[in-house]
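Common to both upcoming complexes is chain A, partnered first by chain B, then by chain C.
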Partner chain A sequence: MAGNFKILYFAATTIYTGKDSESLSAPMKLGEMYELLEQKYPGIKGVIQGSMCTVNLDYVEDHELVIEAGDEVAIIPPVSAG
Partner chain B sequence: MPPPTASVPGALSENATFSDAAENIHIRLTYDSLSLSTTADLVRSPSAGVIVLFLGTTRDTFSDLPVMTLSYGCYVPLCLRMLAMIAREIKKKHNLYGIALTHRLGEVGVGEESVHIAVSSKHRKEAWLAGEEALEEVKKRAEIWKREVFQDGSAWRSNRDGERGVRV
Partner chain C sequence: MSDTTNHQRIIALEAENAALKARIASLEARLQLNSAPPQSLTHTTPTATPELSAEEYLRYGRQLIMPQIGLPGQLRLKNTRVLIIGIGGLGCPAASYLSSAGVGTLGLLDHDLVELSNLHRQILHTLAYIGRPKVLSAIDRLRAANPNVTYIPHITALDKENALEIIQNYDLVLDCTDHPRVRYLVSDAAVIAGKTVVSASALKTEGQLVVVNKPTSSEEGGRGPCYRCYWPRPPPTESVVSCGEGGVLGPVVGVMGVLQALEAVKIISSGALEGQRAPASANEAAAGSPGTEGPSKPEPASMLFFSSYSPTPFKTLRMKGRRADCISCGTPSDPALKITASTIPDYDNFCGPGPDAVLLDPKDRRTVMEVGEMIGRENVVVVDTRDETQFGITSVGGSRNVPFVLWQRGGKVPEEFWRAVEEEGNSADPQEEGEKGKGTKGKEVVILCRRGNDSQEAAKMVMEDPRARDWKVTDVVGGIGEWARKVGGVVEY
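Now for the complex of A and B:
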């Protein structure tokens, strides 16, 4: 189904994006999303490579995974609670 | 048995809690100052002989550089879930009566508390061990990010690398 998904940015990724969230077109493969983000925000790749990713609150790694309309995606940089 | 209750905020600056009364697991993410007695009372039990309470306070230096202010960001719904998972693991492993994990969000004054951990158990040894292990797991896994503001700029910290982190 065509539409949009929401992507959330935290911590170091916001240095590149300048925003906490935005809408991107769905469907899109995870690998395609990473390429799109580097096009939109040159240099963000450096942070993403050290980060993890969630789709609808589940951690995902498969670059072939298809993000659907209505999904919530988040880039999770290395954490620093405490 | 009452179901676990969770309140997940819509706005970014609202407090969020998760409590499983039957399991005696309590998670708090809050923009307010932390209260020692509130955290301890969450795990108080007539069956317990011990409550171990850990307070993490914010330091005024990082690698000898003065920290002016600091703040914490969080992916709240995911973090609530992660903290509940950590609490369940630690409670089971150390045979606790109760466990409370509380983390402060937003700006935190230097010297104030950013994290509280309370565990209750029958005897002291498992409580000491559980408290220490809970803190290590929270630092390693909770989806919370610390931003330190120095005199010459600010940086997002990473616990994994133990370095100053990515400069803003």
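Now for the complex of A and C:
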């Protein structure tokens, strides 16, 4: 079903995106989303590779996973400070 | 005397007698409280104690009456040894609550000394301890509130040589450290030693908390993911930001440290750690019997994510279990990759160079004194790569601000830089000006940042760009910090 999904950016990802969220067009495979982000924000790939990704609060890894309209994706790099 | 008078006198004396007996009982109770010796002074090796002292029943009363704790839970706390690695923004509140809750033995590990800039968030440390070890500062404060705990100082950095040896003397570890290098080491060592780690972190306005290697069920060996299961690849070096560089709000890191202590109390009091060590006495084994409330079935692994400026600040992210092929806690397809006691990796190689790397040739670096004298000359432009907030705190007069984030985004020298240098060049004497926008030969562009790290990266990028081929490009050793100390006119922060 077409529509949009929301992607949330945290920590180091915001250095590249300059914002903490945006809407992208669904459906989209997880792997395609990563490629799109690298095109839009060159250099973000390094941070994404070190990050965890969740869809609707569930940890996901499968690049073939399809993100649907209304889903909420989060890219969460590790925070190490303390 | 008449019978009535005698009778009245007897009643009065009986009343007085009763009041005096009550007063004696109350005074005796207070005397017992004040004279009971704190147990930590009478022995140095922690031993399992089958019961609590009268003082401890009163001290822990408010948590003892909770069904989640009860007497069995409190005894478990008393018989558990917890190691807190890092006595900073996370470690101070964590240590405070664990000590107050009656953990029997608390190890505190940190090589660092207390500094003034710690005090906004490292709440155990005080002015009296500036320049002295954080571990001693913390123990002093903690002992003043609860001397029943055995405090063990470890004034050392954690490294691959000592990690296993130290960790195996404890039942539970709290990772309150500040660099991915140490976090991977703690996780790897804990997996090898069979210990659970409550790991948290905080930066700016966000915090994260995971439990590493958590016992997941009553079956032998059932364990949750390790740090590498969550983050198999380390973050790129340039994205690793410390509290000193990125900033942090005290309450943000404070919340995460308190949550670490809470998670530790939950794990310990529920009896989840009991599978990993033999009870020291029959009484302690008896205390492991049911009676404490807790989750009736094992909770799946999760990460607590705190985003303090979000309308929904707390999120729980659901994790999968261990990765089957994890090189630390799983079975990698190439057995040579598996991390064991004898093959603990080199974390500097894994995570990249430390924060104060030197990228530029010494001939391309200026001292603050040199630049202090050069400033104001027509052919010199000083560009400051700190962010707007920091530039707004203090800056060198005449310098131009081109925040480093603009350099990172896009991976090349930003237009804002060329514009700033052009504008500075144009403000010079037009007779001396060469081609408009290109500046004269002999122009020097000096790049400045807070400590002299980002400035090297930025300078390197400019040097490699053909648009700067006629210029001398340098950076400033020690940045604004050094400028404040040696030249003046700016403030160190």
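Definition applied: the second predicted complex is superposed on the first by the 79 of 82 C-alpha atoms of A that agree within 3 Å, B and C clash if a C-alpha of one lies under 4 Å from a C-alpha of the other, contacts with A are read in each partner's own complex, and residues count from 1 in each chain.
As a working rule, contacts are C-beta pairs under 8 Å (C-beta built on N, C-alpha and C of every residue); 3 or more make two chains touch, one makes a residue touch a chain.
On a predicted model such as this, the values are computed, not experimentally measured, just so you know.
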Chain B versus chain C as contact partner of A:V79, first or second or both or neither: both
First (chain B), second (chain C), both or neither touched by A:G18: second
Partner chain(s) touched by A:L57 [first = chain B, second = chain C, both, neither]: both
Contacts of A:Y41 with chain B and chain C, given as first, second, both or neither: second
Winner by number of chain A residues touched, once chain B and chain C are compared: C
Which superposed partner A:Q49 touches (first chain B, second chain C, both, neither): second
Common interface residues of chain A - those touching chain B in one complex and chain C in the other: 10-12, 15, 47, 54, 57, 74, 76-82
Interface residues, chain C side, partner chain A - complex: 86, 88-91, 176-180, 183, 200-204, 206-208, 230-231, 233-236, 239-243, 246, 248, 253, 256, 303, 305, 307, 315-320, 405, 408-411
Residues of chain A touching chain B in the complex: 8, 10-12, 15, 20, 47, 54, 57, 74, 76-82
Touching residues (chain side chain A, partner chain C) in the complex: 10-12, 15-16, 18, 41-43, 46-47, 49-52, 54, 57-59, 74, 76-82
Chain A-touching residues of chain B, taken from the complex the two chains share: 12, 56, 72-73, 75, 77-78, 81, 103, 114-115, 135, 138-147, 156-161, 165-168
